[in-house]
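What follows is a set of structures for review.
In what follows, subunit A forms one complex with subunit B and a second complex with subunit C.
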Partner chain A sequence: MTGTLPTQATGELSAESLLDAYRTMRTIRMFEERVHDEFATGEIPGFVHLYAGEEASATGVCSHLDDRDAIASTHRGHGHCIAKGVDVKAMMAEIYGKRTGSCQGKGGSMHIADLSKGMLGANGIVGGGPPLICGTALAAKQQGTGGVGVAFFGDGASNQGTTLESLNLASVWNLPAIFVAENNGYAEATASTWSVASDNIADRAAGFGMPGVIVDGFDFFAVHEAAGEAITRAREGGGPTLIEVKFTRYFGHFEGDQQTYRADEVANARENLDCLKRFRERVTGGGEVTDEALDTVDSEVAALIDAAVAEAKDAPKPSQADLETDVYVSY
Partner chain B sequence: MAREISYREALNETLRQEMERDQSVIVMGEDNSGGAGSPAGEQDAWGGVLGVTKGLYHQFPGRVLDTPISESAFVGAAIGAATRGQRPVAELMFIDFMGVCFDQIFNQAAKFRYMFGGKAVTPVVIRTMYGAGLRAAAQHSQSLYPLFTSIPGLKVAMPSNPYEAKGLLTQAIRDDDPVIFCEHKALYDSIGEVPEESYTIPFGEANIVREGDDVTIVALGRMVSVASEAADQLASSGVQADVLDPRTTSPLDTDTILESVENTGRLVVVDEATPRCNVATDISALVAKEAFGSLRAPIEMVTAPHTPVPFSDALEDMYIPDAQRVINAAKSVVEWER
Partner chain C sequence: MLASADPATTVGIVANPASGRDIRRLVAQASVFPTAEKANMVQRICGALGVLGIGRVLMSTDLGGISAAVLRAVRTRRDSEAPWPEVEFCELDRLTESAADTTHMVRRMIDAGARVIICLGGDGTARVAAAACGDTPLLPLSTGTNNAFPRLREATVAGLAAGLVAARAVDVPTATRRASMLEVHAGERTEFALVDVCVCTARYVGSRALWDPATLTELYCTFAEPDGIGLSSVPGQLCPSPREKPDGVALRLGPPDRARHVVHAPIAPGLVVPVGVLDCRPLRPGERVELGTTHGVLAVDGERELEHRGAHPATVCLRPDGPRCIDVSAVLRAAAHQGLLTDIQLNPTEAA
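Showing the complex of A and B:
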């Protein structure tokens, strides 16, 4: 059942929904570009993996989700967090290791989570999320909420046993689960054309008895449509879907990656494929949204990111009193 | 006379009572009912390879889930479901199989609460069978609870008899933290008094199995009955042992252990695990540091040797700590002179 979906018109989306989607994608872009700049100053500790370039995936999928639904993410998780509604200022504070962060400074970039939003965490373990999402989907099924679980994972995780086991279990249990393989071309510095033995990750869906779909990851509308179909099917009891989203990340595997393994694909993507540019052209060309309205979103998001960085820098770090708290609920 | 049932029956009754009490309790594992997908055969054919979940499938429709042989997926699913309002009890058939799903346990479940800033609650129970004695050889006989004990965020329970099994499993299911529940495979048919009504045994409170002033014997899981047998024989030769069952290795009731050693001045720890970095070394280090002044003899540890579990009965019987080794250790510390 693998196939490439044609790019559709803006369809059913209202002007308000289009602006929301644009705001989410722009927020992710500006957040990541700002983290890139700030990381270079040396003020941000640890490892940071940026999602810029991939915004249409998180946004196109999560725009269908609500409080009934849970997602699991990856080490490249900022975009999924923002798209699922995690507070941007708390995220930035977390990345700076501050007590005001989403996880009180105990998680960091690779573990930002907000369970109240159904965001089960960015995850430092490649392939860590899919089994968890089988569980959140099972919980939704047990409780009859109509909720779904969405596991975002990369081309690297598509080769992990946990992911393949989860695809099988989701089919065996007929779970309301969606597996979104974000194929950005490289697992760290290894090309997915080399590490994935099948032509496409989505081809593997057939082996697990579920539909597999390939979409252009630079096209919000393509992702939105494919995700909508899969999520509707899952909510109605039709079981899981594997969606492969193909695109390129704009930055290295981690901040500091010299990226000598790739040539000019990023410049080409930024110039010719960029999801935000294409979105703007589409919605202004069709007259659904004006350039002015989008410009307003741009300046509001820029102000938000400025404030997030300023507040994060000013915020207190955790103290000695925080070191040994919250290991257990009770002990 | 109080009712007597087996360890297996006590676990089954606990699951039944907790599933009746709380709709969010679900059970999953390989062949937890057994017979799934068989065109003609019986569903609930097995009730788990251990028989612990027998009968639950029909009583609780949709809440006893058979799984593929796919421990990473279903243990992870239990953990994920726990974050979304369920209280799953997953059966990891043999503790040895943790090797194929350990990431979900120690990188995911154990870390959520701390790593997410205290906002996650993951009330999952992973029931698992450990221990030697059934000629099950190197990959089905290990005592790997020290690995879980060393990981912050996990609790580890080790019921030593049917009464303990029911009270500790009830507590584990109601507990809001991830619990690794270690059942010794040689105990399933052991019989003991178990109340019919539900009860909990708090974690981190040792059971004083027997009181004595000459030597403290701390024993874990199946080793509690081995230590008790040793204590009976020691008593006949005039040595009175304080026998402690910590019940949980995490949390560990350090106070009761230290109080006992402060009284007896002598410590023997009986641990079926291999000797490096096990619970015996952990308790010994605790006592050496916190009760050094009370010690009247070196600490003795009775453990398995630093080898895989052997298959041949001749070797396996030598491998497992027995009462005679406990007696020898206790006598050596009682008779020790500088």
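Showing the complex of A and C:
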């Protein structure tokens, strides 16, 4: 009698991997806090929706992905882009609407995409990502690449027909797809405890014949472990998984949101639950990584964000001639 | 006997919204225990308590939808339905959505007069409720992933047993059994386990669950049943120790190719795996054992709980003074013996 067991991948993270994860989370945090500050100056066009507080989700999931894999994001997509390896300077330029941006400044915050990195795009359509991932997962399955598709979506999107149809399709076709429901408690200003009939989004997985699990979204190690198992399962032909990641976003739904619908939960989360604080305490407490090494990452990331903002501000805007480029895309 | 309880008699019900949701649904096909079913169980308990005339239920609150579903049921009950106790919702100033909610809720219920605490969850939930219960009888009902401690029981029957104990129709010595527990000291933290404590080489608590035996080095159990589920099933097959005995068991684990015994054990729902056992011995009550690591994760009742990085090794000790748990079978046997659920009619209507 023998059994093949899944590996508890968290226990195998090297010091280098831990530093990489910290760098990704810190980059997301500093990127978002800087966009928060810069948006207030009025220089950034359009809307921005910030991912601060949710870093462990994008990082914990995307740290298992490689060039075979694709992700679909949401309107709150900066964290997913950074975690999937999209160039930070190009992202900042895109948010400023500049020609040097990821999409030549024509998309802005809600449409950052980089197909070369397997980042299919932030998405202004709530529930727009899951159907895309069924497509990319079907392609990976048909072509036998071993790739997977990951759809990030929020608690609001969990109630959309597109999401529910995608869960069904992924299960019927046994697709290598992972659905990551990022439940930050509010769809704009509507509490998920009110608007999600089953209360736990993960509970819906059973109805589609796939595993559904809940993880603490403030805990990188919890997300990393659950995502690792789901992605391994998908790569090996085991089919789709729904992971519900629970946490709190630190900023409003969009920049400018007065947040009259929630009380002091953000202060509590920042103080007691913050993913970066907890990560630092645990990896330095165990001796795997030193405070000095993490401080060095902080400095390097701060310099990167400063440079990204400065270069974005200096970059040219799209010209009149750019109006007729990127209109049609051939695949 | 029916409907004869003092109307002031109070039963507390605490239901964990997070139980039955962890990664073992992904790695081991563990069962899903939906919110709706937990709320249904509460309603079945209330129905049984109402029949016994229990006047008041203190119900836990949560953000997972259980208490909301119970509130909806309370508000939509019809006059034609059998009466329920008054259901009061035990609200905390702030729900933390952590084990602390269960602790605070149980303490409040006991302070407010609950004579029995019914707890819906798995081993983890029962452990937390037990630590807060003091001497108040506890009835753990299984709605979790790994359920070595709570028995699988129909909630209606459990409700009857809880109501009979709360109403003092069956005396506490007959109705309850004192469980053992393991006390773990790791640095400044103290934890309790109702079933097992395990030392794991993983560095982080991560997603909490344990499913890879290659990471386990030491195991201590309050009891070990041959038909158990979870880590205690390993000694359950090798050196069984019934719940009723004061002794527990202690095992050193290792790679199957270097172990004297390899037990094919159901260490989690859906996972029957080979576990290497280097040695196995009885664990005596009061014996304090120093664990063989200063750096590692300690799991209690099947869940990674503590990341221990102390200068000194953690210790574990088997204590005989665990929670006082209601023995549903014993209560209903006593009820049958005393006719507590049986009416005798002196002039029954003759069948036509």
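One rule holds for everything that comes next: the second predicted complex is superposed on the first by the 318 of 331 C-alpha atoms of A that agree within 3 Å, B and C clash if a C-alpha of one lies under 4 Å from a C-alpha of the other, contacts with A are read in each partner's own complex, and residues count from 1 in each chain.
Note that in this section a residue touches a chain if its C-beta (ideal position, glycine included) is under 8 Å from a C-beta of that chain, and two chains touch if they have at least 3 such contacts.
Every value quoted in this text rests on a predicted model; they were computed, and no experiment measured them.
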Three-chain arrangement built on subunit A, subunit B and subunit C clash or fit = fit
First, second, both or neither for A:D199, with subunit B first and subunit C second = second
Message = Under the stated touch criterion, which partner chain does A:E165 make contact with: subunit B (first), subunit C (second), both, or neither?
response = first
Task = Report for A:W173: first if it touches subunit B alone, second if subunit C alone, otherwise both or neither.
result = first
Request  = For A:G285, decide between first (touching subunit B), second (touching subunit C), both and neither.
outcome  = second
Key: Touching partner for A:R233 - first (subunit B), second (subunit C), both, neither   = second
Query = What is the value, to the nearest 10 degrees, of the angle subtended at the Cα centroid of subunit A by the Cα centroids of subunit B and subunit C?
reply = 120
Key: Touched partner set for A:G149, first subunit B, second subunit C, both or neither   = first
Request  = Considering only the touch criterion stated at the top, classify A:A267 as touching first (subunit B), second (subunit C), both, or neither.
outcome  = neither
Request  = Report, in whole Å, the shortest distance between any C-alpha atom of subunit B and any C-alpha atom of subunit C after the two complexes are superposed.
outcome  = 24
Remark   = The answer for subunit B against subunit A in the complex is residues 26, 62-63, 65, 67-68, 70, 72-86, 88, 103-104, 107-108, 112-121, 152-153, 155, 175-177, 204, 251
Subunit B partner contacts - residues on subunit A that touch it in the complex = 70, 72, 101-107, 111, 113-116, 120-121, 123-125, 128, 130-140, 142-143, 149, 161-162, 165-166, 168-169, 172-173, 325-331
Key: Interfacial residue positions of subunit C with respect to subunit A in the complex   = 17-18, 21-23, 25-27, 29, 32, 34-36, 63-65, 68, 94, 97, 201-208, 211-215, 264, 271-274, 295, 307, 309
Key: subunit C contact footprint on subunit A (complex, rising order)   = 1-3, 5-8, 10-11, 13, 193, 198-200, 202-203, 205-206, 211-215, 219, 221-222, 224-226, 229-230, 233, 241, 246, 268, 282, 285-288
